[in-house]
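Inspection log for the structure reproduced underneath, given as structure tokens.
Chains here go by letter, A, B, C, D and E, matching the order in which they are written, and residues are numbered from 1 within each.
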Amino acid sequence: MIFHPGVLALVVGSVIVLVMAFFSVFLGIRIIIGWDITKSTAKQLILERQTYLITTIMKYVLGFQILSLFLFVYTADDIHKLFVGAMCTTGSLNANLIGWTVLFAKIVIFFLCAVWLAINRVDEMAEDYPLVKLKYKYLAALVPVIVLEGYWQLNYFLGLRANVITSCCSSLFSDEGLTVASSLASLPVTAAMYMFYGAAAVELALLSVLLRKGSVSSPLRYISGVWSLVFFVISIASIVAFVSIYYYETPVHHCPFDILQKQYMFIGYPLYGSLFGGILFSLGAAVIEKFKKIDSIRTQIHHTQRRWTIMSIVLLIVFIIIATWPVVFSNFRAYD
Amino acid sequence: MLKTKLFAAFIVIEAAALAALYVSSVSTVHLKEPEMALKGSLVRVMKLTDVAFWTEARYTRHPSQADFFTAFQDFPMSVDHFPAGSIVPPSQIHGAQ
Amino acid sequence: MLRKSFVCALLLVVISVTVYAAEPHKPSAADKCAVCGMLVTPHVKWLSQIIFKDGSVMFFDGPKDMFKFYFDIPKFAPAKTQADISDIYVTEYYTAKPVDAKTVVFVTGSDVMGPMGKEFVPVTADKVNSFMVDHKGQKSLKFDEVKVADFHSGNMDKSHADHKH
Amino acid sequence: MRGHGRIIEYALSSLSRRKLKNLSVAAIFSILIAVLSSILFLMHAYKTETLKLLDSSPEIILQNMSAGRHELIPLEYISTLSGIAGVGKIVPRYWGYYYDSLTSANYTLMAVDADDASDKNKQDVKLINGRIPQTVGECAIGSGVAAIRQIGLNDDFFMTLGTEQNVNLKIVGIFTSNSAIVTNDLVVLTKNDLVKFFNMPVDKATDITIEVNNPSEVTTVARKIRRAYPDSRPILKIELTRTYDNIFNWRGGIVLTMFFGAIAAFMIFVWDKATGINARERQEIGILKAIGWETSDVLQLKFWEGTIVSLSSFLTGLILAYAHVFYFNAQFLAPVLKGWSVLFPKFQPMPYIDLYQIFVLFFLTVVPYVAASIVPSWKAATSDPDAVMR
Amino acid sequence: MDAVIRAEDVSKVFNAGLADEVRAVAGVSVEIPRGRITVLKGPSGSGKTTLLGLIGCMSRPTEGKIIVEGKDVAKLPERFLTNVRRKTFGFIFQHFNLIRGLTVSENVMLPLYPTDIDSKQMQQRMEEILGKLDLTAKLNVKIEKLSGGQQQRAAIARALINEPAVVLADEPTAHLDTKLSGDLLNIITALNKEGKTIVIATHDPLIYEKPYIDNIIEMRDGAVKEAALL
């Protein structure tokens, strides 16, 4: 266990999130059982009011989750010096088996919470709350993931052993062969570039077609949703493979986190911000497609989808520009 | 919107004060770089390897060079071991010869 | 004592006059590798440089890039040729000090990574054996023995897998 | 979106109508944040300065081990060590501890070798009033030692371990107090005095420092030393700094944990304050709902109330903490840090600030605060709009 | 007849299923004609305030339908009910229900705070209404500094700020003397002339005996005893 203020903050944060999530699921299950929109009983009124509480809690959970994602990355960066051979955040995450799992879990939870809020938003647009049971079932399914993430995170921190000086001899020898690898396996630069720009073109094309088609519902929505996830993975792989090295101007440093730091002008924030935002909006637009068959929210969904698709296109274009900028303008050459 | 403006002003002042403190900290660090360099050279030429924060026992003065496993290092009841015993002080018997 | 240093100084003058040896330059924070564009100051332990007879200097972030430049000067500096070079310095591995590239041996295939991955590690001749053992070196080459082919041998493959061409 | 500004305005006036309650919450919250951030600021400043300074310490310190315990190291090792490729200067160190029963303090005794050419540049040390001792019978002391013994330049300094082992030294130098972080408890004397005082054998030193020209070669050198002398313990600089990094994190973590009770108590206090809204407040929310505010509008109002309190407390707390740590030398925290050290260095910490610390603080204070106020806000927001008509 | 609001067989039960179950309104059907002044008359406890709350979308009926501008709102979730309420109704409460510590102008603008309306426009509306009600001089005075009559007028101003089609008043004269009650009625009739539909719940004869009151619904024990459209 590394006893570090950042670690403490993360553990405290995940306990808070867990308590809130459990509480909202508890309320959610009561709503699933007792909900009847056609009745005006006092009980129904109480349930209706509890939906506000759950929505509020979920918004905070999402907010905390985003903060905790950042805090996790920062903390991993702050403690990398404690491990032999760890040169940056990547090294800390490699320091034991579940470092990366925790990070991925945090990202997955971020998307899941955001999708829940998207569904919730659509649901609240209709006077008959058509999705109420569905969204609380989804919520109940979300909680195990949050529990798992908290458990993994705790295990990750408990499993960390700083390579400090020990009594009989220095750590160097007791740890031989256990050194932390700092680099990530990465794709070859050229291949990654083709893949990235190809995938980006497909993504943008899909979104523009959907924007053009307007209110026509189409299986293309689902395809674009799935493709967004594919594009997300490709984008992350590309950041590791070539965007990072052009920003660092070093062909061997693939760390996807260092770009969040001051010496790179904090460029990582707009880079990841636009990517996550863009993917989120296109994913959200795809998820709510399914609910178009419900009459009371159809037109609302059309408007929402249109807005989100535009947001998604704008954000993804920003992302692609930021990712491409150093490739075009830096005088660094990866190799010729 | 008077209250909002007052509050915004308050926050802005506080934020500005913090920013000023931050700037002053950065500039102090910058100004004291020569002093730090002197300290660094002191450490280098005197071959110092530890800081003098905790001097109550030999295992705390040079944590990097202590043998922690020694039984009853300096005081049999030194339960809070490292880096300094902030909770239980050594008994007076130990202190007075 | 005085006499001895006087002789030394005289010798130094004589040497510098005869071979026009220029002192190795110190890179500034803005100096970049002439081959790959990386800043060189973060990697001073690998710094290599080519000094031309007109006094200009090219910095590299490792002997590998220096050789790339050396073998393909028309590509990187069309106005110059190998004949214009006055001195080549590399940073010796064990002393971390600049030495004349002609006086050291370059070891390939070792587990010592430079800023650009696998490197031609410059080691003084007497330390080569020790280096080969400690760092699993494969080949040791004098300056004149380094060939373009060495970039493409299996020793350097990592950099190829990683970077675009 | 336009509504937000007006809801903030209303939140402010609603807060100001209950000045006493809200100011007390904000004050307690500010103090709590100030305490926590003082801890983090101080730890970070100490840590950064320590790590920066130790960066100048030798690459390798070689200790001799005997039966698992630290032993004096034979000087004959040096010739073998200098044969290892990549090794630079090798210098033996002579040092030890002296418990001064007069002041109940531990001093660290350290030798300079006036005859050794490699020790010559010790005379160039700048952060000292006076000079480094040059001949037998002289010493230089840290400012902490000078203060606790109430002695100054040219005074006599007497240490004894019994009738045979004692020295009487003349103080020729006192390290300046801004170097106290490394020199506070030092007594620097000549090698001959130290060897005589501790009755050390002439062919041994306390340990040996080794410089390595190329940092990437340090591990290989250490491994070779280990092979040559299996009972030796090479301590690398990187391990030293790593250990210190961990010590300060650990220390900060422990103190934070100790204060976590305070955070929890405060959150309960907040919960209680927020749940127990009085009749007038309930009436107000009822009116708001009756005249057309929706539940989510009231939730927004509550959100802004919480944000206003926590944001202003957070900023105030940070300012207080900064002033406390960097202008008032962390006076309130020193006892916690000090433990039972008699000689605690008095110096102005260098104001190293890391924005990461502030982010951690935010997570430790504002996040629990916000979480604690969700349910009470919701309770208030869902009161019946027609309640005001009954 | 053009009815703004139609209540059909509306019941409201408090504490349903408990020992202290109260049927405040039981099977009431009423119509509120557009552009008229309607009075809900009856002794205290007759259910008129509850009925006023129901037709004003303050709460939902336990049973029955309430049709506001052609839309049944009886089953609407609170979120949408509030939306209907803030677009359609202005309320004048028995106890004024002004928020102490706020100025007159703030109190009046309060209903518009959470809406999307432009702040300037809001300010403009407030000044206009307060001008009409002769309160311009008191704009920045704390509400508790005002006299009873002024407070009543401020409460009316607040009810009008969202430009409602229907103004609902619950015992508006309960805390006013005869002269002030007269002033209030003058204001109300003036509003009526501007085309606003007005519903007053009261047991004050000073109101329902006025000749221009043209629709009186008399309630007793939660039911309509007599409805007379004059």
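One rule holds in what follows: a contact is a pair of C-beta atoms (placed from the backbone, for glycine too) under 8 Å apart; a residue touches a chain by one contact, two chains touch by 3 or more.
Computed from a prediction, not measured in an experiment: that's the story for all the values here.
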{"item": "If a chain touches chain D and chain E alike, it appears here", "value": "A"}
{"item": "Shortest path length from chain A to chain C (each step joins two touching chains)", "value": "1"}
{"item": "Chain closest to the assembly centre - both centres taken as Cα means", "value": "A"}
{"item": "Of C-D and B-D, pair with higher C-beta contact tally", "value": "B-D"}
{"item": "Identity of the chain that, by mean CA position, is farthest from chain B", "value": "E"}
{"item": "Most remote chain, CA-based centroid, reference being chain D", "value": "E"}
{"item": "Cα-centroid distance, chain B relative to chain D, in whole angstrom", "value": "3"}
{"item": "Inter-chain centre distance, chain C versus chain E - centres from mean C-alpha coordinates, in Å", "value": "91"}
{"item": "Chain centre separation in whole Å, for chain D relative to chain C (CA means)", "value": "43"}
{"item": "Distance from the mean Cα position of chain E to that of chain A, given in whole angstrom", "value": "49"}
{"item": "Touching two or more other chains - residues of chain D", "value": "5-6, 9, 13, 16, 68, 235, 239-240, 243, 250, 295-296"}
{"item": "Set of chain B residues in contact with two or more other chains", "value": "1, 63-64, 67, 69"}
{"item": "In chain A, residues with contacts to at least two other chains", "value": "49, 165, 167-168"}
{"item": "Complex interface listing, chain A residues touching chain D", "value": "2-10, 12-13, 16, 19-20, 49, 52-53, 56-57, 60, 64, 67-68, 70-71, 74-75, 78-79, 81-82, 162-165, 167-173"}
{"item": "Chain C residues within the chain A interface of the complex", "value": "32, 35-39, 113, 115-117, 159-165"}
{"item": "Contact footprint of chain B on chain D as seen in their complex", "value": "5-6, 8-9, 12-13, 16, 46, 49-50, 52-58, 61, 63, 68-70, 91, 93, 97, 101, 104-108, 110, 112, 121-122, 124-127, 142, 144, 178-186, 188, 207, 209, 235, 239-240, 243-244, 247, 250-251, 308, 311-312, 315-316, 318-319, 322, 326, 336-345, 350-353"}
{"item": "Interface residues, chain A side, partner chain C - complex", "value": "186, 188-190, 193, 242, 249-252, 330-336"}
{"item": "Chain C partner contacts - residues on chain D that touch it in the complex", "value": "85-86, 213-217, 220"}
